[in-house]
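In the two complexes that follow, chain A is the common piece, with chain B as its partner first and chain C second.
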Partner chain A sequence: MLDSTFFALSDPTRRAILARLAQGEATVMELAEPFEMSQPAVSRHLKVLEGAGLISRRAEGTRRHCRLQHQGLNAMEQWLAMMREALSRNYDRLDGVLASMQRPSRTPDKKGRQR
Partner chain B sequence: MSRMKLTIEGDRHVVVTRHFAAPPESVYRAHTEAAFIQRWMLGPEGWSMPVCICDARPGGSFRYEWNNGKGGGFHITGEFIELEPFRRIVHVERMHMPDPTPDNHIVTTLAPDAGGTLLTMRMTLPSAEVRAAMLATGIEHGMEASFVRLEKSIL
Partner chain C sequence: MLDSTFFALSDPTRRAILARLAQGEATVMELAEPFEMSQPAVSRHLKVLEGAGLISRRAEGTRRHCRLQHQGLNAMEQWLAMMREALSRNYDRLDGVLASMQRPSRTPDKKGRQR
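And now, the complex of A and B:
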């Protein structure tokens, strides 16, 4: 399951399709529009995304509607992993900023040293 | 590895704790003064914060804009609700992707801890829809590095 997810996310067109679907359901035609790509080509990308459990498709008359499949993309673990990654990088950098604040500043004032 | 801890509290909150080897005053200033914020609140590698406006007083607002130098970007706006110097910051914020996400209410507390500071940040877990949108935005804007690392940590 994870393998197919990462394969699905490895392509910029598929990522753009997901970003578009995050804003709401869309038809295949609407999804094809921003890309200079035929509908069958877009459909191939959609098949990969569907296979990875990231989107679902349903037919309504002659139209096919696509939507994000929340269990796939939205798995709490993935969101938390992204959050954890961004925060721990931030805090590692903050360590450096704090260390530079501890050193006497180049323009000393009475707050320059605290400990 | 990182001394950061991230836990889920109930089904609505995320609590993050992290120790810093600096006094609460420094940690507080690093969270409330634009010149410092701009140096560390950057997220994944390759991102910068070209716009950082931070009016740290109760009712004051802030705006942080990020971009990855490849045409990807987003911003967060928010307002400060309470500020207790060197101890506590309460604020709300929302991401614009470009539509704003629902407000996230965040309480940051700083406590003296083993010669340094223990930071505790308690925030509201975004809804399933917002998480999906954030993920997709992150993916679209080149945060897939996180996913690659996640994959490695799982395999």
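And now, the complex of A and C:
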């Protein structure tokens, strides 16, 4: 899942399509317009986004409506949050090491000198 | 930039390498160990991560040390936050539409009937 979501977002057109869909549902035709792309070209991008759990498509007569799915975004956000947590744990540990280096064995006075 | 950062994270080995580096610096040899991969194979992944602004490498004698760079993660987080903001603006708008549908022109009584 994460493989395909991150891959889907590695293309600027697909990111722009998602940004448009974050504002609300759109048809394939409406999505194609601002990009000066053919509908088949847009459809290929939509297929990648759908496979990554980032959008869903539904037919309504001859029109296909696209809508953003939260699943894919949630997965990426969770992964990035996990990274941030690991990073902050690492910084806390470094802070601890630095603090213990500043007061080696005895308690220093306020100017940092050993008593 | 976003193209290469999102692309870099579309590979599970590269995500695992980043997760390892979030815990602190490591040499290429240390990174290769848990993956049962050759050092050249790991080096190719590291090159992709470096190109995406996700890690930096520095030589120390014959060893190469790798360290996480925040630049790439920050860029992705900013993009995802922008998406979340657009989504919540969209929901606020929908809430407004729904609210106006629930009280059309006159104020309905508690059972929703028009007075």
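Keep in mind that, in the parts below, the second predicted complex is superposed on the first by the 73 of 115 C-alpha atoms of A that agree within 3 Å, B and C clash if a C-alpha of one lies under 4 Å from a C-alpha of the other, contacts with A are read in each partner's own complex, and residues count from 1 in each chain.
The working rule: a contact is a pair of C-beta atoms (placed from the backbone, for glycine too) under 8 Å apart; a residue touches a chain by one contact, two chains touch by 3 or more.
Being a predicted model, the structure only gives us computed values, none of them experimental.
When chain A is checked against chain B and against chain C, the one touching more of its residues turns out to be B.
When the shared chain is aligned, chain B comes close enough to touch A:102, but chain C does not. When the two structures are aligned on the shared chain, A:80 is found in touch with chain B and with chain C. By the touch criterion defined above, A:7 lies against chain C but remains apart from chain B after alignment on the C-alpha atoms of chain A. Of the two partner chains placed by superposition, only chain B is touched by A:16; chain C is not.
Shared-chain residue A:90: touches chain B and chain C both.
Shared contact residues on chain A (touching chain B in one structure, chain C in the other): 2, 6, 9-10, 15, 18-19, 22-23, 68, 73, 76-77, 79-80, 82-84, 86-87, 89-90. Note for the complex: chain C touches chain A at residues 2-4, 6-7, 9-12, 15, 18-19, 22-24, 68, 73, 76-77, 79-80, 82-84, 86-87, 89-90. Residues of chain B touching chain A in their complex: 2, 4, 6, 8, 14, 16, 18, 20-23, 25-27, 29-30, 36, 39-45, 97, 99, 126, 128-129, 131-140, 143-151, 154.
Chain A contributes residues 2, 6, 9-10, 15-16, 18-19, 21-23, 68, 70, 73-74, 76-99, 101-102, 114-115 to its touches with chain B in the complex.
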